[in-house]
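Across the two complexes that follow, chain A remains constant while its partner is chain B and subsequently chain C.
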Partner chain A sequence: MRRLAAWVLVAGASVPGRAASLVVEVRDPGGAAVSAAVVYAIPEGRTPLPPPRDAVMDQKDRRFVPHVLAVQTGAAVAFPNSDNVRHQVYSFSPAKKFQLPLYEGTPRKPVVFDKAGVVALGCNIHDRMSAYIVVVDTPHFGVTRDGRTELQDLPAGAYSVRLWFSGMRDEPRPEAVTLAAAERRELKLSTARP
Partner chain B sequence: MFRSVQGSWGVLYSMMDAPPGARRLLSLPAVYLCLASAVLADGLQLSGFATVRGATEADGPLEQDQAIARLQVGLDWTSTSPFSFHVHALARTDDTGSERGTVGFPEAYLEANFRSERARLRLRGGGMFLSTSLENVDALWENPYAISSSALNTWFGEELRPVGFDAAYFRSGVMVGATVFRGNDTLGALPPDRGWALHDRWTLLGEKAPVDGEVYTSVSAETDGRLGWSARAGWIGERLTLQYTHFDNRSDGLRYGDLYNWNTRFDIVGVGFTAGPWTFASEGGWGPTYLIARGRRFVSDIRACYALVSRRLPRGRATVRVDSFDDGDASDAALTLAYLYLPRGRLSGGVEFATTGEESRLMLQLRFGFSGP
Partner chain C sequence: MLARSFQAKLLYFMVAGLVLLQAATLAAVHVSGRRALHTRLADELRVGARVLDRILEGRGRQLSETVRVMAADFAFREAIASEDRPTITSVLQNHGARMGTDAVFLISLDGSVAADTREGRQVGRPFPYPALVARALPRGEAAAVVAFDDRPHLFVIVPVLAPQPIALVCIGFVVDETLLGEVSRLTGLDVSVWIPAAGKRSLVSTLSPPLQSALLDQWERLSPSAKDPLQGSLRLGTTTYEAQLQPLAAADEGSIHVLLQRSVEAAWEPFRQLELQIFLLSSAALLAALVAAMFLARGVSRPVHALAEGAQRIERGDYATPVAVDRDDEIGRLATALDRMRAGIGEREERIRHQATHDSLTGLPNRTLFLDRLGHAIEGAKRHRNLVGMLMMDVDRFKEINDTLGHEFGDDLLVEIARRLRKTTRESDTVARLGGDEFALMFETEDASRAVDIAGRTGRALESAFALGGVSIDVKASMGIALYPLHAEDAGTLMKRADVAMYDAKRSHQPFALYEAVRDEHSLRRLAILSELRHAVASDQIEVHYQPKIDFATGRTVHAEALARWRHAVHGMLPPDEFIPLAEQSGNIGMITKCVLRKAIEDCARWRGAGHELAVAVNLSALDLYDPELPTLVNGFLHDRGLPPSRLVLEITESAVMKDPVHAARTLRDLKDRGISLAIDDFGTGYSSLAHLKRLPVDELKIDKSFVVNLDGASTEDGVIVRSTIELGHNMGLKVIAEGVESAEGWKLLATFGCDMAQGYYISRPLRQEEFLAWLKESRWGSGGGSERA
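Now for the complex of A and B:
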């Protein structure tokens, strides 16, 4: 049975065009795992982007959930309010400036993030609420949990792997990675300044 | 911006300084004008709530009208620019012997927000609640945990309303803020003279609220020409909030007609913690307040603190709050149990039982809320 499973695994891996994956570990200069960091892989050359997936930035217990959300450029993000207090969500970031009027429940229209960049969110009523939406020009992205994330379904090819994390002053140097079909590569990134 | 602040205050003060009858006539069209503006103009939004409430009779800290109807409306103008304004209008049936206390504005201010990815600077000019409460955290300074507020925040709602400029800076969880204000000269009259109270009747700008039947307290009257100030600092994390605030109204402690000034210096520490459906909040404040009569200074050391635990439920919220307060001569305590029924939709309800041991009060409330794009 084990032999059969191994054979299936090898045969599957050798199928041309099968997607690769990239397991990324992010650590700070002291070696501690960095959570809520956004890792994204931009394919080299011109690749048409697939339609973006919609996303949700919830508000619960006077916190944004998640604290860091990554979306592809053009994604529509809903901002439901799961609290019994009202929120007034805003962003003055150049990548997306908007204000949602004071509301309960879910606004009828989601917000479309049509420009790549980092969008810092706040609430006019509750000073402690803050969050980030990282808008990237690629469908291949992930947010680290306990310092790790896995980018799946990557077509074989060359990528520039980039990193964003809260409090980042200068972006770490992008990593050039070339993936073969069905390859599963592990990559370590550091938040150290370049 | 300074000119704009002065301009908006000129309009509000001209309404407040008019005779009571004329002012009431003036303030109602102003509310209608606000309503019409919000409907017609982009970026303007109306939100708020109406409540009807019944309460059993109680004296002392739990005294309030037994049947109350209130309408509170927020008019907000926001845009993608850093500038916005907020007007909080209120109409109510309970006047409790006050002057100009039925229809008016608890708050009206202009705001500017400047934000980078990591930091935020917020400037406000106008009349505003001081940004300290860990209990009255909803829009329009509403308490989402119970029907009434703690003794400490009830006092702030009655007597503390900076009319001036406030600056707050936030960076990486650290908050520092400072306020310079006029008015609030009588701040400190209620706890030692009338006594602490637990309710949610906020004094309006321009209102004179009774202290003991002979003298009144006002948040906006400026009688001694001295500016007050406040400073605060804290840690505002996603789950944990720690903050310290000090204010000093720098009042002269003298009597001006039916307004008696109290000089009050007060310190407040607060801690709030949220874990899943549970919220814990506690604030404590203490400080001296004095007035001068017949050349003598009469000092009271007042103190109040509360702790509340609240749990979010699938269709509601349950809260237990314990209050302790001291007016300088005697101390007292109160226990409050509240359940708010919060189904989806605009209508919600609440029931609250409060007791000081000697007096008890049961309240039932129906609330109709409106807001949203």
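Now for the complex of A and C:
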């Protein structure tokens, strides 16, 4: 129910006005589409950030769902346990260190990610469970699916478009993009090392 | 003996063959054992190297697992994530201590050392083994032996996952003797590991400290540049090793060397045991074979040995023991042949021996055997202190019997005598025929008087007449007896003494005589005389003496008998009895006869010159009658001196004539034809038959003096013999002369009997020529010639 509300919320935000949109295609050096890559655009100049939207990192069939979750800094992420076994979610990442003691169902308090960075998640019970929460200082981000994602509702202006993907060693050079109002820009990014 | 025997050769051959075979087997076993040993050692070393690798690998995996568990520990990860270095270091130290090592590192994902339990020495520096890190990240673990801190270490690196790698944790374990010892226990090899770059002190080894230092002494040889496995032998101290030097596979290339080695001696031990067993088995087999060979060889050689022994027995002269080898093969046939040979030789030898030791005529032992037995008997007598007697006997006048009755008769007589002798003697006595008519008897006794019994018994055995082939004959024998030890110490001397005794008996007309030592002295003298006889003639030691013969009719001397005398330098004047028989025996009689003849004829001629018309009488020996030159010689002497042959009378004894009457008659006829007068001497002592006498061309008979000497009455036996002999002589137209007239009674009787001439001591003893001449002039018996009387 809450999930559905969030989705509605996002859908609402993307209602086109005069805003521009950025369609990003991410491919690896071999030209294959890279999924679960996080693309985010940081606007040039200081602009106040909107309040972050909360997110959910579900645990289903001993997996984190989704595998990669992008949130704006300060977002609260809920870690519901949809499995019938207990999980113990933790992160030793500098951006957010935490652990949720062995639990069932949904913990009372969601975890607030108040620092930009990549948070690697693991379950202390199940070593193979792994997920990333990419915390970015912008509300404009997307996670590729089949190599594509679309950043909508971008106010016109200059942006630094960045990319994160699992296994990334060094961050690719940010792509500077200036969007006109209501412009729909296509952008191709590569996971190739800079 | 053994070394040359067939058996020994066979044995040597078999044993040598076996020994060679065994030696070859042992050598082959040894060589292939050595080869196998080296192959095995090489294999062991290769396997050992692999085992070492596996163990290191296994140990690495095992440690990786442990480290991974450690790295997965939430608290550990939490500590790592704390980013508080002291905390991190203490956590690492804590876990390191749990695992028994002090070398624990935390490596950042960028490859630098983030934490180091050893006082943080490496912190901030790049981790020295980036390849390990690179391997560990994708695989989740990596392990390798590295040269770290101058010591070989097993490094295990495991990423710390949260769940993505956030760092790597590396734990280093020193590769120590304990670890290598495990390899050593599994493989039986000694393992040494060192870091070439770090030098000698990096050596870790399962070798004992002395061997380690020996190994370090050869450090240079163990070339650190060796990349590939290098096998060879290595000598440490007194032990030789087969060794393999190679880089450690689990380490970075060439950074660590490993030396695997195995003592060759120790590895040889099982082979040595095997060789020892083979040697013992071989020895046992050899021994068994030796015993078998001995039995086999004996089976072959025993009959050969028996043959050889048989042959040796035959060689020794033992023909009685048969050569018995009961076999069907060649050896058996050889044995049969040898046995037949043995029997043949034995038989022949027995025959020859019998012939050699027995007289073929009588079958009695001969001289050789008799002497042999006599010798043995004397040897026995020396021990038993008894007497050995020897009786020697010859048959009187056997020659005459033989000549008269024939040799066949003589032989038969000897055989019969032998038979009788054997019959009278005991089994233990030996009767022998020494040759001719000579017999001997040997007896053992403890009583010397038994010799006389035996002589008496022997004499009686011959007493009864021998009737052979229709002729009956009386035989007399002379026996001489000598006794050991009374008369001689040995067989030869005993026989000579018996011989001397026998001649004594003969001379004294006794049936037997015991040896007397004094007589033998006499016989020695005889021997001396014999040897000087020839010299005596040459040096004119023979003198002629004369004894007159008186004619009863005139009472005057008509004849002079020449009698030889030997004027011996030592023994003085010797009568003819002493040297004439010796001269006859030695063949010197002819010489003496000629000497006497010559001198007598000379002297007679001299007397005639002095006016004495005498005839001279000279004695001839039987042997002289065989001299064909004699008549010519006599003629020559007479002619030389101008003496008419009628003035010479030759006297021949009756026995001399009887030895060979035919020949004697021929010679006498020759002499008679030359006008020489002949007389039969010693008439009445022989066996002469009147028939013989009648055929002889003699003029006179001389009655033997044994009949005349004791003549003291016409009616006595001698008187009858003398008178009848005189009448016999006269009837045959012969003059009769009596010798040995020693008394007036004898002279008168002979005159009564009508005897023609007389000779004897009653008239005169024999006189030297000068004395005789003087006697002729002075005596009443003188020749009647001579200047004074005439």
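Here are some notes:
The rule is simple: the second predicted complex is superposed on the first by the 177 of 194 C-alpha atoms of A that agree within 3 Å, B and C clash if a C-alpha of one lies under 4 Å from a C-alpha of the other, contacts with A are read in each partner's own complex, and residues count from 1 in each chain.
Everything that follows uses one rule, which is that a residue touches a chain if its C-beta (ideal position, glycine included) is under 8 Å from a C-beta of that chain, and two chains touch if they have at least 3 such contacts.
What you see is a predicted model; the values in this text were computed from it and never measured.
With both structures placed on the common chain, the touch criterion links A:158 to neither chain B nor chain C. Using the contact criterion defined above for the overlaid structures, shared-chain residue A:32 touches neither chain B nor chain C, since it reaches no partner. In the superposed model, A:49 makes contact with neither chain B nor chain C.
Between chain B and chain C, B contacts the larger number of chain A residues.
Judged by the touch definition given at the top, the superposed model places A:90 against both chain B and chain C. Using the contact criterion defined above for the overlaid structures, shared-chain residue A:176 touches neither chain B nor chain C, since it reaches no partner. Shared-chain residue A:104: touches chain B; no touch with chain C.
Residue contacts after overlaying the shared chain place A:192 against neither chain B nor chain C. Of the two partner chains placed by superposition, chain B and chain C are both touched by A:127. Residues 90, 92-93, 97, 120, 122, 124, 127-128 of chain A are contacted both by chain B in one complex and by chain C in the other. Of all residues in chain A, those touching chain B in their complex are 61-63, 67, 83-86, 88, 90, 92-93, 97-105, 107-109, 118, 120, 122, 124-128, 132, 167. Chain B contributes residues 45, 47, 74, 76, 78-80, 82, 84, 111, 113-118, 120, 122, 131, 137-139, 142, 144, 168, 170, 172, 175, 236-239, 241, 274, 276-277, 279, 312, 317, 340, 342, 344, 369, 371-373 to its touches with chain A in the complex. Those residues of chain A that touch chain C in the shared complex are 90-94, 97, 120-124, 127-130.
For chain C in complex with chain A, the touching residues are 72, 74, 77-78, 80-81, 83, 161-164, 166.
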